[in-house]
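Some structures are shown below for you to check.
In the two complexes that follow, chain A is the common piece, with chain B as its partner first and chain C second.
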Partner chain A sequence: MLDIEKKASGSKLEITLIGRLDTTSSPKLEEMIKEVLPGIELLIFDFKDLEYISSAGLRILLSAQKTMNKQGKMIVKNVSEEVNEIFEVTGFSDILTME
Partner chain B sequence: MDKEADIRRKRQAVTACAIYLVLFVFCIGIIYARGSENIYPIYLLNIGVDLTGMVVCFVLFICCFIDTGTIGSTRKYYKFLINVTFLGLMTDLVSWIVDSVPDLKTLNLIDNTLYYMCMPLGCYFFWRYTETMIKADNRLIKKIDFVLCCGMTAAIVFRLINILTGMYFTISDQGVYSRSALYPVSMIYMFVVSATTIFMVFKYHKKLERYQIMVLLLYVIAPTGVGIMTMMVYGLSISYGVISIILLLMYCLINLEQSRIKAAAERDLSVAASIQQSHIPNIFPPFPGRPEIDLYAAMIPAREVGGDFYDYFFIDDDHLCVVMADVSGKGVPAALFMMISKTILQNSAKLGKSVSEVLKLTNDSLCANNKAEMFVTCWFGILELSTGRLTAANAGHEYPAIMRPGRPFEIYKDEHGFVLGGMEGMQYKEYEMMLEPGTKIFLYTDGLPEAVDNAGNMFGTERMLSALNASADKSSEKIIGDVRAVAAEFVKGEDPFDDLTMLCLHYRG
Partner chain C sequence: MEPIKKDGIYELKVDALAENLARVTDFVNERLEGTDCSMRVMMQIDVAVEEIFINIANYAYGQDKGDAIIRLEIKEEPFTASITFIDRGTPYDPLAKEDPDVTLAAADRPIGGLGIYMTKKIMDDVLYEYKDGSNILKLIKRL
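Presenting the complex of A and B:
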C-alpha cells in the first residue's frame, strides 16, 4: 500500500511517499506525476516513510528526473537506509540529487 | 492489494446474500400468511413468475461476485440492473398478495410506489449500462446523461406526488389497486429512454459487437413489447419476469463472448511464453566439450512471460560471456524489452569489444528508442577459460555471490554503474579478477532475495548465502535446484511476486 501526499506552492512541488512503491502502487504515482509536473521547476521527493521501492518505482523516478532535467531541478530527501541501498545497487545514486 | 479487494468482495457477497435471503423470507412469509384462498388464479401465476425471476436475479447477482471476467463499470451497472429488477419483482409479488386486503392498504401504497419507481431507475441504469458498452465520451452522450438523469428524478418525484394525488394509481379503502386515467403518462420516461438507447445503439453500431447489439435491443424490445401488450390488460404482470430472463441471457452471451476473447488472449500468451523460453539457452550441460566449466541456469517467470533473463555464449574459443539481467516491470511489456535487450547485448558482445564498451553500446542502443522508459539491470562478464581471468561490469544489478576454493559463498560487492536503457551516454566501469580453479559464481535477480513469505518477511541475502553454502560442493545444477527448493519452502504457498532467475558457473580450470 502507498499513500501519496503532495504540497504545491507556485512552481515548487513536494511529494511525500508513505509505504511501499512497487508494481501495484506505482501506476497511481505515475498518473499523479504526469498530471502535476507541467510547470514545476523544483520537485522534491520526501522518502522518510518510504519502506521499499521496486524497479517499477525506480522507473517513475527516472522518468521524473528526465523531465525535471529539462524544466528545473529534482531533489530526493530523507532516504532510508534500505531504499538507499537499492539506489546504490541500481546506480540510481549516480543520477539522483539526494539530500 | 488484490487480496484486499478479494476480501472486500467476499464481504459484499455475504452481505448481499443475507439481504436477499431476508427479502425472500419476507415474501414467502406474507404468501404463507395470506394463504391462497380468495385469490385470483392469474395472481398466483404472477406470483409464481415473480418468485422465479427473483431467484434468477439472486443467482445472477452472486455470479457477478464470483466471476471476475466481467470487470469494470459495465459490471457495476449490470449489478444495478439486477437489483432494480429484483426490487421490481418483489414489489410486484407483494402487490398481488396485499391486493384487496383492507388492513394492508398502507403497505399496498408503499409497495406500489416502490414498484413504480423501479421502472425509471431500471431505464436509467440500462442507459448507463449501454453507455459503458459504447465507450464514447462526447458532448452528445453527456447531454443525454444529463437529460435522462433529470427525467429519472422527475419521474421519481411524480411517483411521490402520486401518493397524494393518485394521478397514476390509487389504493381504495378496501385495499384495491386501480390505475388512474393518467397511468400511460408514467410510461413516457420508459419510451424516451428506450428510443434514445435504440437510436444510440444504431448510431454507434460500429463500436459494438454483434452480440452486444442483440442483447441491448432485446432488453429494450422484449419488456416494452410486453408492457404495451399488458398496458390494457389489468391482472397480468410479467414485465419484470421477462426482464430477469433477459438479464440471464445477457449474462450468458456477454460471458461467453468474453471467455472466448480471454481464451484467445491466453493462447497468444502461452505462445509468447514458449517463444521467450526457447530464446533463452536451456540445454544442459551447455558445452559438453568444455570440461573447464560446469554451468547451469534457470528462469522462473512470475507470470506466463517474464522480464528476467540470463545468457551465455562464446565469442571465440577461449572467451565465454555470461549475462544476468532483470527488466523493470513484469509481464508482456517486460518480456518484449527483455527480448530486445538480450539481442542487442549479445550482438554488441560479439563485436569483441571490452566489457565496459559492450555495456555502453547496449545502453546507447536501448536508450535510442525507449519511449516506454523501461530499463534493465545487468551483470555482464567475460571469462577467459585458459587463464581464469574474469572481466565484468555491473549495470545496476544485484551483487554476485562468489565462492573461492576453501571459502564459503560470499557477496562480492562490485562497483555499480547505472542501469541500462535509463540514460544515454552513461559510462560503465569494468573490473577484473583471477578465478582460481574451483571458484563458483552465483548470479541471480532480485526475485530471490526479495521473495516474500506470508508474514511479509523477505528471503534476504543471508538465507540465500546459507542455502548456497549448504550445497556448495554439489554440481551447479544441484546448487540451483537446492536454492530454489529452500526459497520455495520459505515462501510456502505464496504466489511468486517477481520473476526468479539464477545462474551458477563453476570454473574448474
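Presenting the complex of A and C:
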C-alpha cells in the first residue's frame, strides 16, 4: 500500500510517500511524476513515512533524478535508517541529495 | 518452561504472477514476525524476496502460466532464515549476471539492473542451481 501526497507551489513540488514503494505500488508514482514534473525546478521527496523501498522504487528515483538534473534540483529528506541502508548498498547515497 | 521453538519449514505455492507479490511477502513476514528478527533484517529479506519473485513472475515462463514454490526455513542454531524459490520455467541463473557499476553518476546509470545486485549485497548468501527441470534459488540471511 502506498499513499502519495503532493504539495505544489509555483515551480516547487513536494511529494510525501506513505507506506511501501514496491513493484506493485511504483507504477502509480511513476505515472504521477511523469504528469507533474514538466516545469518543476525544485522537487522534494519526504520519506518520513516511507517504510520500504525495492529496486522498482529506486528506478523511479533515478529516473526523476535524471530529469531534475536537467531542469533543476531534487532533494530527498527524512530518510529512515532502513531505507538509507538500501541507498548505501546501491550507491544511491552518492547520487541523491539528502537532507 | 520450554524455550520457544523457532525452527520450522513452511511452504507456499502460488501462480508466478506479479500480482501475488503481497501474498509471498506476507507469507514470509508473518512467520518471521514470530521470531526476534529485527525490522531492519525483515525489510532486507522483503527486498530480496520481491526481487527474486518478480523476476520469476516476469521472465520464468514467458507468455505461459506457471507456478512458484517458496520454501521458508527458519533455524535456531545458527539463527537464520533460508528462502528457496523453485520454478519450472526457462533455466536462468541470475547470479551469472555481471554486477552494475554503482559508482556511476546519475546521468550514466542505466535505469534498472539493480535488483539481483541488491539481493546479493543484503543477503549473507545466494545460491542457484538447476536441477530436475527446476530453477532453485536460495537466499540465506542471519537473523
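Basically, the second predicted complex is superposed on the first by the 99 of 99 C-alpha atoms of A that agree within 3 Å, B and C clash if a C-alpha of one lies under 4 Å from a C-alpha of the other, contacts with A are read in each partner's own complex, and residues count from 1 in each chain.
Operating definition for what follows: a residue touches a chain if its C-beta (ideal position, glycine included) is under 8 Å from a C-beta of that chain, and two chains touch if they have at least 3 such contacts.
Just so we're clear, the structure is a prediction, and the values are computed from it rather than from any experiment.
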| item | value |
| --- | --- |
| Clash-or-fit label for the pair chain B, chain C on chain A | clash |
| Contacts of A:41 with chain B and chain C, given as first, second, both or neither | neither |
| Partner chain(s) touched by A:3 [first = chain B, second = chain C, both, neither] | neither |
| Touched partner set for A:95, first chain B, second chain C, both or neither | both |
| Chain B versus chain C as contact partner of A:31, first or second or both or neither | neither |
| Chain A residues touched - chain C or chain B, whichever exceeds | C |
| Partner chain in contact with A:81 - chain B first, chain C second, else both or neither | second |
| First, second, both or neither for A:49, with chain B first and chain C second | neither |
| Common interface positions of chain A, toward chain B and toward chain C | 23-24, 54-56, 58-59, 62-63, 66, 89-91, 94-95 |
| For the chain A and chain C complex, residues of the former touching the latter | 22-24, 51-56, 58-59, 62-63, 65-66, 69, 81-82, 85-86, 89-91, 94-95 |
| Chain C residues within the chain A interface of the complex | 18-19, 21-22, 39-40, 43-44, 46-47, 50-51, 54, 102-107, 109, 111-112, 114-115, 117-118, 121-122 |
| In the complex with chain B, residue positions of chain A that touch it | 1, 23-25, 54-56, 58-59, 62-63, 66, 88-92, 94-95 |
| List of chain B residues in touch with chain A within their complex | 1-2, 326-330, 373-375, 377, 395-399, 416-419, 422-423, 446, 498 |
